[in-house]
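By letter and in written order, the chains are A, B, C and D; residue numbering begins at 1 in each of them.
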Amino acid sequence: MLDACMALNVAFGSDNHSGVHPAILTALSDVNEGYTIAYGADQYTEQAVTAMKKVFGKDAEVFFMYNGTATNILGLKAVMNSFQSVLCAETAHLTVHECCGPEQFIGCKLVNIPTPDGKLTVDLVEPYVIGVGDQHMAQPRVISITQATERGTVYRPAEVSRLAEFAHGHDLLLHMDGARLCNAAAFLKRGLADISGKAGVDVLSFGGTKNGMLCGESVVFFNPKHAKEFPFIRKQGMQLASKMRYIAAQFSAFLSDDLWLRNAEHANAMARLLASELRKSGVQVTQKVEANMVFAIIPNECIRTLHKQYYFHRFNERTCEVRLMCSFTTQRDDVLRFVAAIRHCL
Amino acid sequence: MLDACMALNVAFGSDNHSGVHPAILTALSDVNEGYTIAYGADQYTEQAVTAMKKVFGKDAEVFFMYNGTATNILGLKAVMNSFQSVLCAETAHLTVHECCGPEQFIGCKLVNIPTPDGKLTVDLVEPYVIGVGDQHMAQPRVISITQATERGTVYRPAEVSRLAEFAHGHDLLLHMDGARLCNAAAFLKRGLADISGKAGVDVLSFGGTKNGMLCGESVVFFNPKHAKEFPFIRKQGMQLASKMRYIAAQFSAFLSDDLWLRNAEHANAMARLLASELRKSGVQVTQKVEANMVFAIIPNECIRTLHKQYYFHRFNERTCEVRLMCSFTTQRDDVLRFVAAIRHCL
Amino acid sequence: MLDACMALNVAFGSDNHSGVHPAILTALSDVNEGYTIAYGADQYTEQAVTAMKKVFGKDAEVFFMYNGTATNILGLKAVMNSFQSVLCAETAHLTVHECCGPEQFIGCKLVNIPTPDGKLTVDLVEPYVIGVGDQHMAQPRVISITQATERGTVYRPAEVSRLAEFAHGHDLLLHMDGARLCNAAAFLKRGLADISGKAGVDVLSFGGTKNGMLCGESVVFFNPKHAKEFPFIRKQGMQLASKMRYIAAQFSAFLSDDLWLRNAEHANAMARLLASELRKSGVQVTQKVEANMVFAIIPNECIRTLHKQYYFHRFNERTCEVRLMCSFTTQRDDVLRFVAAIRHCL
Amino acid sequence: MLDACMALNVAFGSDNHSGVHPAILTALSDVNEGYTIAYGADQYTEQAVTAMKKVFGKDAEVFFMYNGTATNILGLKAVMNSFQSVLCAETAHLTVHECCGPEQFIGCKLVNIPTPDGKLTVDLVEPYVIGVGDQHMAQPRVISITQATERGTVYRPAEVSRLAEFAHGHDLLLHMDGARLCNAAAFLKRGLADISGKAGVDVLSFGGTKNGMLCGESVVFFNPKHAKEFPFIRKQGMQLASKMRYIAAQFSAFLSDDLWLRNAEHANAMARLLASELRKSGVQVTQKVEANMVFAIIPNECIRTLHKQYYFHRFNERTCEVRLMCSFTTQRDDVLRFVAAIRHCL
């Protein structure tokens, strides 16, 4: 099965299928000289934290970690008790693709809310804020949104603000899974903080891996009091890197010279190209293409044919809606060849 | 405080203070071209697993992860139930320096056994195998040893075998924390499997980070049945790397051209040099120097003076016994200058 | 608020609002003489287990506990791993009213399936058996049904069997929350085993408290291999009673002279009377009345008026559908007076 | 094996081997009439809480539960985070006989401190308050003491106060496992609050089961802020009784007419008699007899002979020190016959 996979073109399977941006690899070499203290008490981590605070605000508390599973789970653990719940879209990575990690490590319940486009709204969330004060029921504590969403759509800052206001008015917090925050910011032509902390987000997972890093994710607490115990939560949570300078260096490079933005803009542009070419070929695109992913309906037989050459996901196991991802390395030619293959089998 | 730390020479504080071996950095660049499938289903991971199986045996099941906290905790979780206990030396990293991670993620009890030199023996362990079948008491399930130990000593293969026999005779498993397995193998002039799986170890954490990698640790199950559910445990455990090729590539390089061995031999040699120079200077070395660390008694006042220039750990917060670590990057001159500084303040 | 509550008639609020059957209280006195060994190794527990095996089969493994929250959570914990999921009706007590207990103590995900009447069917369940073998996703492990359901309906034995067959055919187990198993058996005029273990249920929570006991619930494993580690799970799960004889004695009395059946038949009959009187008064009864509860639509204003005298639950916080419960102590007059009050305010 | 056990005289095996005091059984009948609201919002629970507050102070927050395992674990969970530790005597029930429950449900580490007599002192505890602020290490959070201890000794109020002062001076809390608080109070001739909350205890488990109840334990928080989230912790923790009135009624009776005190005084007196008779017979009593238990050295062969008639515990599995328990039901004749049997086999 592995052999089968390895023979396939996996370009559109995931933005995780891309490599590492050369500037990131260079950054690793650049910090390699000499001894530095481990576990984040080094100058490179200090520099990276400073760069992050420049982006997210001087009161923001920043912690680097290995992967997005961890930034989501541990970031939430920092602000929750085991008898509380997270309200999220039923498509949220948190609830669909973390193999019960939040349940296991926090103890909490994830409340799945159906949405047409991966985006929560106050109207959608409100009916789920129930049982408050009833000792028999999970206590709502956090609304978690994904920016850009798992459906490739993007929250406008005002939409985030409305959710934040609603949350804070109900003694809830607003969490943002920003695994693709860069793609959202690039689409909105807004700063990373404008669409997260400044719009009212309390806890942010800000990811780099899908957008050109080798391995680097972060949690940003916009309210420092939520971060007080986080060093212990991160360590206990198996996410304290010993040679932290190498994660820090990636973030410093990522935030320099707008690398994060250039990568995200490219990925988004490729997704728009892909969508436009698909539409031209008569393929139905099912979601707005605002970030780096395209959802489209492809007939079952055609999917089977394509799967002999290309690796990509059905949106769910039973439908003909597929998910196609672009990344900072996607080439115009990749797109055109792929659409040609689709056209061929239609 | 950070500034203070950063001004210090941290060479002897930890083997984590070293950088990354150039061959490892090169390996990262070498796999950077093109798309590969994420989460370990790629050819680079396949190659690295093959290399690991060549070392540890073809039946060994191998999983790559980010750090040693995780390989220890999740490797144990795979073979334990929440009502069981791990018997370990009271100096074991697992019980002293994982911030209750095993308790939180497994639920288990760690039973701390005093030892003179960090090494468990059958005689030391036996009195702690109690309460078997008594529903009120934690059920002994695993004996965990560290190779090389946290005291710089090394288990001989026969010592490991005796513990394995005892364990298996009592329906227990033998776990080895091999964060410094390379240093032990280099000292013993034996293969990595000879001193772990072939000597009866059931579950091994085999680490690379302290010995020249950027970030790469692994769990090796010598009995494949223990590995059956591990993909889910690793994913839920927040340790499934998306861009796995970059961890895999490090392991492939690490196992090529005896890089692991050359690095470990150098670190061990530097520790021997350090010990010998200390002894010449009248400093008492308190443990056998078999791996890459030296324990020594330095008068309190002298520690305070040295701490203005050098960062290193007291073995415990209250005594004058200090822990000095060497690594693959430690230079002869580093050692000589440091001992000169000690001689100066004595 | 407490004063307000205490002034109300709470007869129809819950079957937990009833007292203890006199025969149960007598049973407590009857075992009070002399010393007995604690924690269940006594003759009274042996007798009660024997009585349970007579009902549920000689291979059934039986464990007594304090409450239903625990029998559900710990019974499931015995057969699950933390990365697995339970498929249940979205109305299941397990997912709605256990305050994230299953998530916290098992780590698992509860997958909520909408149903019209509280009953799962193969057709309803099948679309949720997804992601099997995909390391990113919670692995389906158990289908949990409630007998009688939280909507007052009852699974026929053939319906249970079909779910069991489906479950076992997909490597899943079938769990039954039998907090009101007696009411279901009374309705079906079948034995307790006929509608649980003999119909294919693997793990059963069999409850007594709602049907006349003071405090007594049990887990029944129909496959002894699932029970092997349960003594430790129960103890660790804070549910091993020291003076076990007093829970055992309740079960022995409960199973003697058909006490369980007489109590359940009475409760069911009162619910039928209530439903019939409500219908006569023009009130819409929204679910089949098969056990001891009635769901009905009462205008909002009328609910408010009634709530000044009577304590009962709205089915959910936002609708006019109310839940009315009967128990072994409900009197014909209680019912008639309550319906008169409703008629008065309509 | 069960048959064997049941043929034995178990009088001295545990205070849990006693039955229920008649006044407690009567109290159950007395509250049996009519409907009451479930889960503790009833008048009987209100009365019992009022009685408890009269004893422990009007600011005390009181919660009833089923057993002592739960009051200890959940009481601690309310004031701890998963990365923290509990410092306790190595003989503490919490660490020896709860089958890793605290580790599983809190996540915390239990730090076992050797003591000669089951009693912690500031001198004994202080060396274990280490690693504060070090993210790698379990953070000390609670000192837990048992009153009376598992060795039958009793803390004087001044001893408790010294530990409380030390704890509070180091940002720690003081927890008391009061499974046998009544026996301690009876010995000291002091009130229950004098030797717990008034002496500085923050969280108390106050037990009734061992001293004449059927099933009733409680957590008392002397600082109301620690109790804020406890209703949810208790419910999630599987310890919220539906028919709460029957636990409440036991506590009301227990606190009436000094029932708790009379029971405890009797048990203590029987232990003193037992110790004195043993000493007269030349048996070495190894601990001060201050509560209701006696530790004594009996030759191995004699233990084996006695075990054919009597069920009692060796203090640990390997020594000849045995633990003998008295309770409110122990009779003078029970003691004399038992000592005669010992004398016979010596």
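What we mean here is this: a contact is a pair of C-beta atoms (placed from the backbone, for glycine too) under 8 Å apart; a residue touches a chain by one contact, two chains touch by 3 or more.
Model, not experiment: these values are computed from the prediction.
Identification of common neighbours of chain C and chain D yields A, B.
Across A-B and B-C, the chain pair carrying more C-beta contacts is A-B.
Averaging C-alpha coordinates per chain and comparing to chain A, the farthest chain turns out to be D. Averaging C-alpha coordinates per chain places the centre of chain B 50 Å away from that of chain C. One simple way to say how far apart two chains are is to compare their mean CA positions; for chain A and chain C this gives 41 Å. Look at where the CA atoms of chain A average out and do the same for chain B: the two points lie 33 Å apart. Within chain C, the positions touching two or more other chains are listed as 39, 82-83, 98-100, 104-105, 107, 135-136, 139, 232, 235-236, 240.
Across the interface of their complex, chain B is touched by residues 82-85, 95-100, 103-104, 107-110, 112, 127, 130-131, 135-139, 316-318 of chain D. By the touch criterion given at the top, residues 2, 5-6, 8-11, 13-14, 16-20, 22, 25, 28-29, 31-39, 41-43, 46, 66-70, 73-74, 98-101, 104-105, 209-210, 214-215, 232, 235-243, 246, 311, 329 of chain A touch chain B in their complex. Within the complex, the chain D residues that touch chain A are 39, 81-83, 107, 135-136, 139, 229, 231-236, 240.
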